[in-house]
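The following block contains the structure, expressed as structure tokens.
Labels for the chains are A, B and C, by order of writing; each one numbers its residues from 1.
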């Protein structure tokens, strides 16, 4: 944690230091200590900024753009830049050319014309200066808006809720199951023969149920495998299931004597129990 | 600094700090504001009270104070990290489908149909899920287990019985299927299936 | 779920989430509790009120709601970090302001107004910070890219939409500026995105 006190940063930051002396403000007149020139120029974000500064120093409005004195002052800055071979001079030279062009048009006698709409040669520059000034204002607004990580910080709380995250079990749709079945069969290349009939499935289910019952009870009374409440279809399904189980050699049906009770039982292990 | 603003600062700091902050750390932090230990303790007590009934609470843990969510909200908040359920592999789905449509069935039968071995992990997963169980043994060498689906399986798919399983979609390709050798068991099953 | 507990849950969630949460996200999050939009809005309004005088506040930014510390506490809180927050250069701020206030805008437009060439470094930084992105092209020779600001830009400045930017004078009518068409629906889409 830092306890260093932070100086308020917003105001009166020196532009830089010249021979140990802080240069606080842009110069009020044109005299600039030569060493400070670069610093001062860097404090302008471009020719528009410099131009705006020069107009403001004249306490003039942009719309009254005093083209002659401004151009003169501007050229003096540009000359200094050229002497110092500053890289940023290029953009400033473009502006210098524009100012010179406007100045010359202002000085030329205008042919008399009825057209009132004849544009002031300064108009385009004035428009650009106004727009630039608006944007400078926007930039200042942005700088003054609360910034995340400077003025406000995101609040967080700890939580132990991670431990509550449940392991999700995969979900399966019925259609996926049917699709998987047909894909499995397709693998076996048995495509031609499996119209599975619905009754068949209830039979297979009943087969499973009977086998399951036999897990817990070695023999079942044949009669107990029929539930009259299921009605005729139920009885048929049970009967088919038993027949199928017998056919697949999964159960045995035994009857000790004629007319004695019929039992369904697990098949006796015919083979020795294997290790698996 | 006013007491009110100091309290706001302590509160904000505790919400922003990555780690719990101890009293000592807080005192050092506010050394410029020359806050007394007693004053700090009062602020912390007040804050704890303020947040008593809120969704987050100021809690003292071993290394200091921090804001944390109410314990009762764990279930709801955990949804933030809840991942989407994973998906079953094709092998798993086909195995389950074969058990559903061809039960009772042995692992060998499934392998014969699918043409690849079925891993024990798949059978284990299906049984742990409660969808499949062993309902007996086939009386052949090795007495392989017979698998069937369970009532839970039917419940999961909202079926009242297996006959509600969808009819099988037409297979995509109807190509050469002559001279296939299949095991007796499956052959029987299959030939019965379309009777 | 009781309204009281729901409010606690929303509050806790906002403190725990990594990103601001929008109303839509919250509604989806609580879809199990079938919370209505109106109910949610009420809860958010109540929470904003509850925190009005606290060290952290519930703020609505472009991408949703989040808790953040009071702006006045910035100086105190920032002591937590060794590094000073970055200060942006005038060139960067002017470029960002142009994109924010005059979007969608090309690099050429920015250069015209600022009177200097725009350094690629500035554009790169703005895009890397996620504040600015390309939303289309202007259909003039060279098809220059059109830049606009993002929701992250608004979030960073705690704004919920562009209309909350402090006003600046509108640009004066440009005489010779007819027949310029902007293509790319994206350009329009994007500028609507944070409205």
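Operating definition for what follows: contacts are C-beta pairs under 8 Å (C-beta built on N, C-alpha and C of every residue); 3 or more make two chains touch, one makes a residue touch a chain.
All figures in this text were calculated on a predicted structure; none of them were measured in a lab.
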Item to check | Most centrally placed chain, judged by C-alpha centres | outcome: A
Checklist outcome for this item: So the chain most remote from chain B by C-alpha centre is C
Item to check | Centre distance in Å when chain A and chain C are each reduced to the mean of their C-alpha atoms | outcome: 14
Item to check | Centroid spacing, where centroids are CA-atom means, of chain B and chain C in whole angstrom | outcome: 36
Next on the checklist: I'd like to verify one number: the distance from the centre of chain A to the centre of chain B, where each centre is the average of its C-alpha atoms, in whole angstrom.
Outcome noted: 26
Checklist outcome for this item: For chain A, residue numbers touching 2 or more other chains are 1, 3, 153-157, 159, 161
Checklist outcome for this item: Where chain B touches two or more other chains at once, the residues are 12, 15-16, 29, 56, 67, 69, 73, 76-77, 80
Next on the checklist: For the complex, give me every residue of chain B touching chain C.
Outcome noted: 5, 7-13, 15-17, 29, 53-56, 67, 69-70, 72-73, 76-77, 79-80
Checklist entry - Residues of chain C touching chain A in their complex? => result 12, 15-16, 56, 59, 66-71, 73-75, 77-82, 84-85, 87-91, 93-94, 96-98, 100-102, 112-117, 155-159, 165-166, 168-172, 174-175
Next on the checklist: If we count contacts the way the header does, which residues on chain A are in touch with chain B in the complex?
Outcome noted: 1, 3, 5, 153-166, 168-172, 174-202, 204-205, 207-209, 211-212, 214-215, 244, 247-250, 266-271, 273-274, 276
Next on the checklist: Which stretch or stretches of chain A touch chain C in the complex?
Outcome noted: 1-4, 6, 8-9, 45-49, 51, 88, 91, 94-95, 119, 127-128, 130-143, 145-157, 159, 161
